[in-house]
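In order of appearance the chains are A, B, C and D, and numbering begins at 1 in each one.
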Amino acid sequence: MSSIEKASFEEIRGVFEEAYRIGLASTRLGKVADYIPELAKANADDFGICMKDADGRELSFGECEKRFSMQSVSKVVLLAAALAHCGFEETFSHVMMEPSGDSFNSILKLDTTSNLPFNPMINAGAIETASLISGDLSFEDMLAYARELCGDPGIALDEAVFASEFETGDRNRAIVYLLKSKGVLMGEPKRTLDLYFKMCSLSVNARSLAHMGLVIANGGIDPATGRRLISPEHVRPLKVIMFTCGMYDYSGKFSVRVGVPAKSGVGGGLVCAAKGPMGIGLYGPALDSFGNSKAAVKAMEHISKELGLHSFD
Amino acid sequence: MSSIEKASFEEIRGVFEEAYRIGLASTRLGKVADYIPELAKANADDFGICMKDADGRELSFGECEKRFSMQSVSKVVLLAAALAHCGFEETFSHVMMEPSGDSFNSILKLDTTSNLPFNPMINAGAIETASLISGDLSFEDMLAYARELCGDPGIALDEAVFASEFETGDRNRAIVYLLKSKGVLMGEPKRTLDLYFKMCSLSVNARSLAHMGLVIANGGIDPATGRRLISPEHVRPLKVIMFTCGMYDYSGKFSVRVGVPAKSGVGGGLVCAAKGPMGIGLYGPALDSFGNSKAAVKAMEHISKELGLHSFD
Amino acid sequence: MSSIEKASFEEIRGVFEEAYRIGLASTRLGKVADYIPELAKANADDFGICMKDADGRELSFGECEKRFSMQSVSKVVLLAAALAHCGFEETFSHVMMEPSGDSFNSILKLDTTSNLPFNPMINAGAIETASLISGDLSFEDMLAYARELCGDPGIALDEAVFASEFETGDRNRAIVYLLKSKGVLMGEPKRTLDLYFKMCSLSVNARSLAHMGLVIANGGIDPATGRRLISPEHVRPLKVIMFTCGMYDYSGKFSVRVGVPAKSGVGGGLVCAAKGPMGIGLYGPALDSFGNSKAAVKAMEHISKELGLHSFD
Amino acid sequence: MSSIEKASFEEIRGVFEEAYRIGLASTRLGKVADYIPELAKANADDFGICMKDADGRELSFGECEKRFSMQSVSKVVLLAAALAHCGFEETFSHVMMEPSGDSFNSILKLDTTSNLPFNPMINAGAIETASLISGDLSFEDMLAYARELCGDPGIALDEAVFASEFETGDRNRAIVYLLKSKGVLMGEPKRTLDLYFKMCSLSVNARSLAHMGLVIANGGIDPATGRRLISPEHVRPLKVIMFTCGMYDYSGKFSVRVGVPAKSGVGGGLVCAAKGPMGIGLYGPALDSFGNSKAAVKAMEHISKELGLHSFD
């Protein structure tokens, strides 16, 4: 039995409050991403943390309403959609589920080890999952799905971020054509990239991510509506792949130190699907050297330790 | 609550019996390792599976007494010993805890990405952990520790396997000198390799591995003796690293499909630390293309599914 | 003094005749390229060899009029044009002049070792040289230049080959976007690729290549017209880079065994700039495993040996 | 006809004198190697240049008597000895003759592209050539051969350098065991490495290297004695491989800018086998970022340009 089951809600609140304080204090140790101009506009001091549980309780500290772009967190949405649309076997015949040990935008293994991307949490893998659905699902379909997963009808395309992504997306163009040259891309390159860039540019907030984390933690059912958003057999690969590949080159350390399925994005977002079930969404645009929100990682270390959320304890 | 908690022991016995049948039927799909002559002598049809739980109950099917060399399963023993001897921070300042996505004996990343081995389950990482202890602990110390972890005083050095390892160990010699050239090897190269080769050559059986799996699954305490063999704070990294890196290039798939911390060796052994707590040891020298026991993987898929052992269900 | 200076023209004719016989006999050991459909239509038995010297003498054996696409031989034309247009220093600030040891279409070094392509004879390097001129020179300009270098007004764009190149050129698209993402591509991606594909699709024959080889061997002056087509200071880098990088992964062996600046293409063409000065053009679409014309390499070994054409004898 | 044939000896002297001046002025732009302690003791301001021609004439400027260790220049001696001992075909069935494009001590290609070292001028290739002879030839045999090639009975083993090489040679140990693990090493690892380290530690001077360069430039015959030291059919591969691979990662630039077969060592030595025939030996321990003597490269640029020594002019 994990600590969470024994803790009262007031105790949980105290843990999150302290985690917020810890995270806030560490924002100054991070650095806002500047690889696209729009991201550089973020406020480095911002930090917010939101928790939702299956009983409908919610905790919010700091900047939980401020919107930011999903960036790599959208790789989870793309994978969930590909699994729903194509099924487990079909999806994983196009992308592997192995941690790669390489940088998120690496093309090394793709060109030397395997024609298939190593997993759906690196760019090549996420572009591949986008290609699996880009022929049948429109961006509007995917936007609707993201809104459902996040319980947030306010999610919209951030046009400025999208323009920035499109403008600076040449490495992703290289990846899409490399995948096509190997005969593994399933969709039309431009359509696929358009969907991929747009998904990266969805504006969410910490609350949206808490909701999405809760849906995953709750086995795919949104407790707020009772609706199943992810098939039961697809929740497990989502959790495992988030656990092993979700935190860029810090994934191994995060899995040992925090031990919660999670996915970060360079926009500063972090979604966690924790025991309980509990969804935790964090926002802190000041990043560490791995590309993860400095504050969010620090806060999660505290929360996991205090509430016993580690998957292997 | 997992299925295991709800299942009666008779139901559990039935699941293992069926798993034994499934595994046995798939031995013919694998191939005995032949990279060292001694391994090639194994009987491809052999299969055995042994389960031990914290209540002292045990199940055995097939070849559970036949001894075979530990091979890569010893990487777990080396990591446990390094953690005990040096502590968490010191150990992981010499070896990382990231899945590498490369072959177990790869030196690519070591020479291009990082001076530190990516994790203790690849050869470079295990040689590094051996180097951390080879100055202070003798092989006899390590043999005693392996016997304790496995609850098996019969474990001994298989001299023929050791001679074979020594004879054919040039790639590992390359690795040890590469580590030394980078200034990261902590021990004397020959002493380190000697320890590494000897640990690979320890003769265990499926029962030994079940015991070792149980100790890990039970938080580091041997239920048979009540003695703590692994510090509580070291169990978690052991489990996580086994989960993310324990099954060679099949680690990702195994973590999705089976979801139990495990470590395989090319001698045909597989140790699993499952919920319950439950230790499962398997022996099937016919290997799949990844270097894992064909029968053992098939059997574990069945057991995990039927008893709900997946870590993320 | 090399043998060529001592040999009578009749002796030279005899050497070429025997080389033709040798080459023809080895066509059956090669295999026509099939990576684009148009190339696969070539006749594997074809072989032609043409020699032109500075005194206006010419020797032709076999298929010297049959047209085929230039393919990688056009990389020499692109480099000559870039040198003429941008000068030595500017050109080589955008592409290096080091042999890469990697496959012609590799992106490994580009992504791990250097942002600049290693040399202009690999795809990445030739695309970079195309980018240097694609903003200022039209395809028509380049076509005119190729016709001049080859003394062949019959050179034209093979539309079917171009369509094939365009259709199957995704790896080159990946390269152009990778170069752009690194900020080293000097031209607009699509315009650059269009020029690159069109240059690969120019239809030449063995006689054209003999002429082009002669112009280079003759220090940049076309002996037929007395016009300078390449600046004197640009002839040397052309020759050296052809010598060190011109024959794919066989470049080192060719430089030891034949020792003549040369460039091959998967269309079956081979241009050689030999001592004398002498230009040798060969056509044999049956390729060896390196992508060089089997017959052409065999014939050049004989010619170099008999006429003493090796650059280091 | 090259400029050298037209130049009077007084003009040649003037060119070398100016080259000496240029080289000397650039010593301060380089940095003495410090990867082994003995090398770090060199005087960064030293520079010497010595020329010998086939008529027995000699020019010396600066430090031409000071002894330094051969380092990588010995790779040429090892290759010449392997060719003499095993013949062309046998030698090049164990090491390739392709430029690698990688660092001199790289093991990347050895482990990913080819089991055979790419060429004899990188460490892996030189260790392989050492292995070809280490079973039959003693170090004393090789010392005698080096003395002959260099016309210098004063060459001796620098014991301090050898001790340093041995002490710090772990990367080369990694290479020798990697070669052995692939089944391509022909000699016993320790004996091979011992020979390799000792050859690196031979003390030569600029005059020795000038003599060695002259022997190669003169087709393998020592003009001073009339004795053949290298078979005629082995001179060509030596020259070509020096031309394409002799100057570390600057080989391509040196072949374009200077165009003379040459081999440098981190001890500061440079041997050149130039047209004429002419042997040029240089010594300048202040190195550029590629590991070549800063002064020696600058001096050779001047000499090649003024005397028309480029192989492709």
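Keep in mind that, in the parts below, a contact is a pair of C-beta atoms (placed from the backbone, for glycine too) under 8 Å apart; a residue touches a chain by one contact, two chains touch by 3 or more.
The shown structure was predicted, so the numbers you read here are calculated from the model rather than taken from an experiment.
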Lowest number of touching-chain links that must be crossed from chain B to chain D: 1
Chain whose Cα centroid lies at the greatest distance from that of chain C: B
Centre distance in Å when chain A and chain D are each reduced to the mean of their C-alpha atoms: 55
Distance from chain B to chain A - Cα centre to Cα centre, in angstrom: 32
Whole-Å separation of chain centres (CA-atom averages), chain A against chain C: 49
Residue list for chain A, restricted to those that touch at least two other chains: 112
Arrangement of touching chains [line / ring / star / complete / other]: ring
All touching chain pairs, where touch follows the definition stated at the start: A-B, A-C, B-D, C-D
Complex interface listing, chain A residues touching chain C: 106-108, 111-112, 170-171, 173-175, 177-178, 180-181, 189
Residue numbers on chain A that touch chain B, as the complex places them: 96-102, 109, 113, 118-119, 235-237, 239-241, 243-244, 249, 251-253, 255-256, 259, 261, 310-313
